[in-house]
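First chain written, first letter: the chains are A, B and C, and each begins at residue 1.
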Amino acid sequence: MVEFLSPKSKTIFESSAFIHKNSRHTSCVSDHYFNHAVEVFLPCCDSLPDAVQVSSPQRQEYYAVKRLPLAELTNAEFVSRFVKAGRLYVLSIGQHIDTHNVAAILPTGRLILSVNKDTYQELGLEGKPSQFEKPRKVTKYSVEVNLVAESFCKGKKNYERVQWCFKDRLDLTFDFLLAWQPNDPSQSLDDLGSFWSSKYECLRVEQRQHSFQMRNQSIPVIDSSLLLHRQHKSNQDASRMNGSSQGCEETQVRSCDAAEVYEWLGAVACQCDCSGASDSFVNTYRCPEPSQQVSSSVCHRWTGLITSERILHMLDALRSKVECSRMPWAALTVHGFTDSPVSWGSREHGFSKYGNNLYTFVIFPKEQRYWLIMGIGDHDVCP
Amino acid sequence: MHVHRTTTTVPVFQYINNNREFGKMDTCDLHLLGNSDENALKLSLQCAARLGYGVVAIGYNCPVQEKQGGDKNKVKLPNAPAAVKLDGQTKAAVGVQSKGFKQLSRVNMVLSEGSETHKLRQDNIQSYDLLAVQPTTEKMFHMACTKLEIDIVCVDMTEKLPFYFKRVAINAAIERGLYFEIPYAPAIRDSTMRKNVLSNAMALITLCRGKNVIITSQATKPLEIRGPHDVANLGLLFGLSEQEAKNAVSTNCRAVLYHAATRRNTIKSVMSLQQIGDLSGKDRWKVKAGQEACGMSIQEGGDPTEDEGSGVVAQSLEGSEGRAKTSKRRKSKSKRNSVDEQSAMKRTRQDSAGVD
Amino acid sequence: MSQKDVEKESFTLYDPLPRKLKKDKTLVQVPKDPKQFVTSFLRAAAPRKRGEQLEKLSSRKEMVMDAVKPKRRTERRRGRKKKALSNKQKKELNMNNIPKELQKYEMYEPLHQLWLDYMRDSLQLKNPTVTAENLHIKLLRCDLHGSIMTVTKSKCPSYIGQCGIVVQESRNAFKMITKADVMKTIPKASTIFTMSIDNLVVNIYGNHLRFRAGDRANRKFKVKPTIDL
């Protein structure tokens, strides 16, 4: 008999308030460096409010450079002009984290290179074996180079070694996405583009956006103080069966469970039909109860390389919007790149069956409360 | 506490992921049937490339020949892999990795008697990248596992086997680095075959404890190819664990390729030879010091086009001697393992490696 | 003398003593008891130290005079071996190490040239009649001292790119002197080396070459499953 194990992915639910001193919302957003898509769901809205539109990542552009050797990114000139002079986000695309080589530069100035066994054995740079693999059968290694370290400059041994390792010897060329936020306002992203334009193919890319409206749709009613009460209820059911009689008064449920809400948000993002028609061939999914009918709601999505600063801006705009309007709540979902070598901070990320690393904020007007739901895959470290 | 935090596993609608259409690994399908017509093969290759395979081996069945040696020359190193060109759409889908999409050739020998094994040593058979033997008797199976110099043992899993797998033979095969093949396309074609494949595969896997197994397609048309992650999932059905199943399409296939390289290109697996002209620009640094000591200058790195140029120069500098040597050695008896031939093979392999 | 007499005389095993001597009684006195005579003779003739052995000698019925020879030879050999140092002593005396002031790349460059000549001579690369098998066997058995080697692949990243002239080879490691005049010990296990002889590039899979240099010369190599590290 074959046993199929359920995937080991985790969903983490947190409930807190923006004004609380221990709130983790800032660190959660700013530590998640490589964001691929941002999605906003606003109930009771006809169109995207201007305040949100202004703060959206729409105007933030980024560069795509084709077939760029890694040695160019570790070049002393590049490091001093861009890595040290701002927050630089670099990520290779088209490569797959589980079997290919992947490179990224974090805004903290660290180059993270996730390489497979063959490359590692010829590369010549010290690295750590991937923590998701069995100790003696490692096929992935991650190499870290601190580009902003003082020892990393021309003439120093460390620098020369890194340059020698990346240059010409192995085929370490990637297609890169680059986004840059200079510290000096007189500089702009164009400097980055013009730096290589003579040698490599550089493209300036805009964020793609996609928007759709839903009319006369039922949305779940949520009480911010009840995060996962359904689960508690089932526990109570169990305890009741054991003979204890407490918890009977929880029969009147006023709110949906966070897990249900999360599932429903996913269905909306996929533009599923949530009418729950029983004869539907595709799905019979319906909005969790209790629900309320809303005349119109908006879902807006931006995709591209989006920096975490932008998302923080947007979160702030949404907060103020939710507070001053009649929205019952609003949701902001951020997807990370599935093939990025890190998820949150410098925590290692892998692709076991799906490289999910995403988080959702459900924002409530009352007391600036929010729910934070983080979805991580099998090969991920719990943030 | 203010921050309420729990961790559960809940079913969540699969969110859209625009940045990855298929789960991709540098995975290998080490058996597409190549004896079918060329167009179907081309389509299959494109399909495999699009599904995310990095290495594909095209298998040719060695025709069962009668005692006359007349049609010996029927099997020749096919230049098909080099010739199969993929269209632009596929290349775009494969993306940067197009340079990594490799096509290999593989030969399947159906053997039933020990007296037939000499065929394995024939030049035309040896010219293939991978060497697979399909034993039909228990004796032959034992011999294939313990003695023959091959890479893959493939048993015809679509029929009820005339013998049981023996642990001794299988352990010996694992020790020697041979791999067992489980095909999945026959299981798609027919329900009886499916039963047989499943039962045989499970019997095999319990004996080899999930080690040294590769899962291949044996597909004749594109419809029968599945993506690497799907195949890995299928491995669970055969009784592999999650990691083993993934290895069966990735790491183990890599090991097969290394085994084949050891068998074909090395001297007693201690040394391997190359000509300087064959080194690509990237590899020049390896011999830089030695060449400098000889008083020869060597160009390191540079553009790939430039490298080819310098390589040609180096070869021509080497002079006609080298060529004369080659031709003479071709005539001599021991041409199979000659240095030049090896390097020549390697060159054709590199050429055939590119999609384009 | 008749013809017959001559023949008879020449075929006797022991010639009778010449008549001259026979007459001279001081020289040869035929003893009544030969045994006693022998002992007394030996006592008089042999050196004094051997006196104790004399009885042994005389008591023996037969003595093989030649048998001593091989025995003496082995004894001599043993004696010589005793003089040589054991490996442990060599280590204690630092004989396996090359002193620092002698670790100069320039010093070993002639060694490399010598090695190249040796390889060219033994491999005969330019000779078209040399078969591949012969070449392979020669390569497997050749001496590697003096070759310039580069580490091209290794499980340990810091060895990659090390390059120098091999000055010592042990079962498990190569010792080479790099261009920076430093001696590096590089283990053979899970390392791939590359060297070149004129136009021939040789990759050496260290994993399967873990023998002492001398042992390699007449050893049968077994084919290993994989060259993977």
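Quick notes on this one:
Keep this in mind: a residue touches a chain if its C-beta (ideal position, glycine included) is under 8 Å from a C-beta of that chain, and two chains touch if they have at least 3 such contacts.
Only a predicted model underlies this, so the values are computations on that prediction, with no experimental measurement involved.
With respect to chain C, maximal separation of chain centres occurs for A (centres as means of Cα atoms). Nearest to the global CA centroid, when each chain is reduced to the mean of its CA atoms, is chain B.
Centroids built from CA atoms put chain C at 71 Å from chain A. Chain A and chain B have CA centres that are 37 Å apart. Between chain B and chain C the centroid-to-centroid distance comes to 48 Å (mean Cα coordinates, whole Å).
Multi-chain contact residues of chain B (touching two or more other chains) are listed as 285. Across the assembly, chain C contributes residues 152, 161 that each touch 2 or more other chains. The touching residues of chain B, when paired with chain A in their complex, are 2-20, 23-27, 52, 54, 95-97, 99, 229, 236-237, 239, 242-243, 250-251, 281-282, 285, 300-302. Across the interface of their complex, chain C is touched by residues 149, 175-178, 255, 258-259, 261-263, 266-279, 285-291, 293-294, 314, 318, 321-322, 324-325, 328-329, 332-339 of chain B.
On chain A, the positions that touch chain B within their shared complex are 2, 4-17, 20, 22-24, 36-37, 67, 93-96, 98-100, 116, 134, 137, 139, 167-171, 174-175, 227-228, 231, 259, 262-263, 266-267, 269-270, 272, 303, 333, 335, 337-339, 351, 353-356, 358, 375, 382. Chain C makes touch with chain B in their complex at residues 109, 112-113, 116, 126, 128-129, 131-133, 135-136, 139-140, 147-148, 150, 152, 161, 163-164, 179, 194-205, 208-209, 221-228.
Taken in their complex, chain C has these residues touching chain A: 152-155, 157-158, 160-161, 229.
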